[in-house]
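Given below, in the form of structure tokens, are the structures.
Heads up, the next two complexes both have subunit A, just with different partners, subunit B and then subunit C.
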Partner chain A sequence: MQKTKKMNHKGFSAVLISLPALLLIGLIIVFPILYTFYISFTNMNIYHWFTFELIGFENYRRVLFVLDSGFLRALWMTILWTVVNMSLQLVVAFIIASLLNHRHMKFNGFYKTLLMIPWAIPGYVSILLWRTGMFNTEFGLFNQWMRSLGFETVQWLSGDIIAFISVTVVNLWLALPFMIMIMDGALQSIDQSYYEAADLESANVLQKARLITVPLMKPVIAPAVVITIFTTFKQFDIIYLLIMQPAARTGANIHTILTYAYENAFITSNYGYSSAISIVIFMMLIGFTLGFNRQMRKGGIKHVEQH
Partner chain B sequence: MSNNTRKIINRIWLHGFFITLSFVTLIPVLYALTISLSSSNSLLSSDFSFIPKNITLNNYALLFTEYPIIRWFSNSFILAISTLGLALGVSIPAAYAFSRRTFKGKQSVFKTLILLNAFPTILSMFALWRLMSTGPVSLINTKIGLVLIYAGTMAIFGIMNMKGYFDTIPIEIEEAARIDGGTEFQIVSKIVLPLAKPSIIVTGVMILIYVWNEYIFSITFMTGSENYTLAVGLYSLQAGEISGSWPLFTAAALFTSLPVLIIFLMVQRHMVSGLTVGGVKA
Partner chain C sequence: MKRIMCTILMFLMIFVLFGCQNQFDNDVITVWHDKEESVIQVLEDILAEELPDVKIDFIRKESLTDTLKLVGNDANSAPDMYIFAHDKIGLFAEIGILSPITEFIDVEQLEEYVDITIEGATYKDEIYQLPFYFETLLFMYNKDRMSEEEVPKTSEELYQYMVEHTDARRYGFVEQHSNAYYSAGWIHGFGGSLLSNDGVPLLDSAETKAALAYHLKFIEYMPKGQAEYATVNTLFYEKAANSIIAGPWIVAQARENGIDLGFARMPVIDETGLPIAPYAGIQGIHVLKIAAENDERKAVITDILNVFTNPQIGIDMALNSGVAPAHSLAYEDEMITSNELVMAMRDAALDAIPMPNIPEMDIMWTTASNMLVDINLKGEDIETVVALAQKESEDLIELMK
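Let's turn to the complex of A and B:
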């Protein structure tokens, strides 16, 4: 009897001390999501700011079933963007991290610190520096080089394909430090005796990478890779700041789902439509999160069983 | 002998590779540094080099005399510190409760937090904006509005991150102290919090960096120039295709980056664990 009473008291105080945080999150995160959900069923826009009315699933129909709607195009672009960037990131980071851990390498801490610098600078600052410093048609460094080599100057951010490449370069520049750091840590966790055994069997570099390094790294880097897939999929800053700034569009028409949702809310003022996009994206993210968590748990168990 | 030669050759090309890679990586930053230290009329000269011919601090001086960069800086600073206080203040006790106590609905609340963590706040930015502008008191263009948004976002991260760390502290330590007659408050403040210090510091640094690096909410919500943060100020200083304020912009950009760069390199070793632990523990 006394024990249950004590438990209740403890449970009560636990609720009490987590209440401020839960209230704040409820007010700032949960309530606006619910409000977005409500707006997504209305025709709220610049003309119907106060006089909006409920229109059922009309916005969702426009988002999902109108084939030439901007959303499906943006979704396809976002998937392409995520696949291209993740593949490049994993390969390049693996090569750099392997070389950092080459057995004849000395003083790699110095290079590691230098290579971390892009990660340490505020993202929007770096992106704006790239925008003018590198890509600017007149005095950007790339076109200065082109001119001094005798080539025509290039508008790095205006065509869809060239802009996609430029944006990818900036994303790699920003994202590689984290991935290199993760892979570096994973490589250091591998027991050297595996390689010594492989050397006795005279395995070559590729065999060692395929049969020892990659399988042993996988479980260590998996969480970080999943996090990076999410941040890449949710990319907004690079594309918005480089090519989609309202007063300074560069002419390329590249949207990720996030820049597309933003544009419909804050530029073209289709609040109902934009809210429906937000809810669709949120549903997809929930699906991914649950899927990845299940996968992770499965992977974790498998890993334990192997030992 | 031949093994030794191979070692030396390997070492030479490895260092060659990493010196080149580091230089290529840092070109945008070095270029910005050079521009910020040169006079504005040398921009288009064809004989550009990474070492400016006439080093001048003129651009930096202009920032302080012609532009309110000190006000931008102090606005950013106030936002960062207030968010840090509020976010840590609410999430440390909550993280402790989620790690140590059982109460009804704990599991489902925590699972909801994991899902909410996947939600990019930019998707509800319009709803937040409408709620804050049409509520009884308008919170648009106020520091309170932004601090609430930032702290709410970072409270989720803080709870998940620090709960994971509290979980690794053996509960036996607390039980021993309880047997010795320590009160609940003493146990938490004298034993648990000091043990959790590394996690609290990493979480705090992450919150500071998040606020310092945030721009889309501040450029949307801070409409009056007296409330401009460094991000809004920089955004307004941005050089257009032909604008001449580019050297000034580089100076402001580097000035903005310096505090974060220093803090980041100080805690570099802890950054990776600080970023991944929270996302994994489900």
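Let's turn to the complex of A and C:
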């Protein structure tokens, strides 16, 4: 009886102490989501700014049934963008992290510091540096090289395909440090005795990577992969600032669902409709998270069963 | 110790939470703005002289319009007034956060203002802005590269000049050809427009299509791919372009780069006999409705606005920042009449058209710029692109409602 009382008291104290933090989280994260959800059922726009009313599912009907094919194209582009970027990030980061952890590699610390530089520079600055310093058709470094070598200059951000490649390069530059850091940590956590045993079995590099490194890294890097997938899926600034700003469009037409939503909903100042789009995207991400977690759990169980 | 620390942290968080609340000071008139220091200094100086007892706080705000949309009717968070361009007047008037300035000053006091400034400040027959100055695009040239005789008076003369003076390393003329703000001047020169006064998109009008088709041959001799603000202006700064249509904001940098700058009237389009007529932006002060609801504050704001009708404000701003005063009496000052840039802008105002201040224009900046990119940079068929842009504009305007 005494023990239960003591535990209740402890629980109450814990709640009391956490309360301000919970309130803060509620205010900053939960409240905006709930409010957006509420606004998505209203006709809040500039003509009903303070006098908006509930209009049921009308905004959702517009989002899901009235939107033109542009939304679907943007959705497919977002999926392609996420898959390409995630695949490249995983492969490139794995190669670099493996090289950094190679026993014969010298000055590892220096290289690691160097690779972290893109992370240290604010994303906005990096993107504009790439746009004006590298890709600019008149003054950019790449076209300076092309001219020096006697080639025709290239419009790096103009065609859809070349712009997609250019934007992917910038995204890799910005995202790789995080993935390299996580993979570096994961590689260092692997017990070297596995490799020694593999050496005794005469396993080659690829076999060691496939059968030891990758399976043991998986649980460590999984959360980072999930975070990066979300970040890539809802990427806005890189694509928008490089090629899709209305006053500085380059000729490429690459819309992700966020740039598409911005261009087709937010400029209308129709907050009801914009909120409905935000909620639809939010639901997609929630669905994706649940699916991924289920897969992870299944994988985890399988992994344990195999052992 | 742990318990004490936890308690302190808990109270600290509560304090932070409540500290977020804005403290509303009744004595101070708050003005939000997005202007450079030299412009605000002029206002502070004249208020210190004319109304020394009035406490006024000028606060520079990034994303001023977005913030105003959210807090414009909240007495605890909104300013009393804000200084911004006239093109958001319709949006804020529709939202219901603006008060007409004629509630504070007599309409007769506005009779001495340059016509386009009052035209721009008016929305649905109400005047919502007290203008300070205006800006518009100018035809500027590098006198070392383009002689006075070569300055084009017509569009065909400009075209000939571009053909003769453009090569792999140099441009005869540059502009942000695929930006709606810049391209609108050509469309107006054909008698067209992006948007009618009552908010109907006019992208598919015969005049607009003729302007787009005619403009294409000039783009052949301008940078492609990236023809945005930084690239185009840098070409002029670096003397790789002999002439440019740009705003007065490039003047200081151009002169710093040693360019002997010349100003000329916009070329007249041969096909129509009309000059290229760019948009003008009118900068001035607006009063929020919630500020006007308080009698005490209303009286102070009235005093402030009456001081701001002094033409000396425009003169000082023009001399400090190279802008064109909105008050026509400012042009009787010798220092203004001898200022080449200011007078060039005043002349340009004769042809310029105030940016539409109706909310629908927010849509048109995006759809018209996308249309220009598709035609100018991607080389797509004008008829097809224009029809799609028109439909998209109509759909999005419908979506605003």
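Keep in mind that, in the parts below, the second predicted complex is superposed on the first by the 213 of 307 C-alpha atoms of A that agree within 3 Å, B and C clash if a C-alpha of one lies under 4 Å from a C-alpha of the other, contacts with A are read in each partner's own complex, and residues count from 1 in each chain.
To be clear about the criterion, a residue touches a chain if its C-beta (ideal position, glycine included) is under 8 Å from a C-beta of that chain, and two chains touch if they have at least 3 such contacts.
The shown structure was predicted, so the numbers you read here are calculated from the model rather than taken from an experiment.
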| item | value |
| --- | --- |
| First, second, both or neither for A:132, with subunit B first and subunit C second | both |
| Touching partner for A:21 - first (subunit B), second (subunit C), both, neither | both |
| Broader residue contact with subunit A after superposition on the shared chain, subunit B or subunit C | B |
| First, second, both or neither for A:263, with subunit B first and subunit C second | second |
| Which superposed partner A:122 touches (first subunit B, second subunit C, both, neither) | first |
| Contacts of A:291 with subunit B and subunit C, given as first, second, both or neither | neither |
| Contacts of A:215 with subunit B and subunit C, given as first, second, both or neither | neither |
| Touched partner set for A:46, first subunit B, second subunit C, both or neither | second |
| First (subunit B), second (subunit C), both or neither touched by A:141 | first |
| Subunit C-contacting residues of subunit A that also contact subunit B | 17, 20-21, 24, 27, 132, 136-139, 248, 265 |
| In the complex with subunit B, residue positions of subunit A that touch it | 7, 10-15, 17-18, 20-22, 24-25, 27-33, 35-36, 39, 96, 99-100, 102, 104-106, 108, 111, 113-126, 128-134, 136-139, 141, 144, 147-148, 173, 178, 181-182, 185, 223-224, 226-227, 230, 234, 236-237, 240, 248, 258, 261-262, 265-266, 271, 274-275, 278, 281-282, 285-286, 288-289, 293, 296-297 |
| Complex contact set, residues of subunit A against subunit C | 16-17, 19-21, 23-24, 27, 45-47, 49-50, 62, 132, 135-139, 155-158, 245-251, 263-265, 267-270, 273 |
| Complex contacts: residues of subunit B adjacent to subunit A | 7, 10-11, 14, 17-18, 21-22, 25-29, 31-32, 35, 43-44, 46, 48, 86, 89-91, 93-94, 96-98, 100-104, 106, 109, 113-116, 118-128, 130-131, 148-149, 151-153, 155-156, 158-159, 184, 212-213, 215-216, 220, 231, 234-235, 238-242, 246, 249-250, 253, 256-257, 260-261, 264-265, 268, 271-272, 275-276, 279-280, 282 |
| Of subunit C, residues touching subunit A in the complex | 6, 9-10, 13-14, 16-17, 69, 73, 91, 94-96, 176, 178-181, 223-226, 228-231, 234-235, 240, 359, 362-363, 365-366, 369-370, 373, 377-378, 396-397, 399-401 |
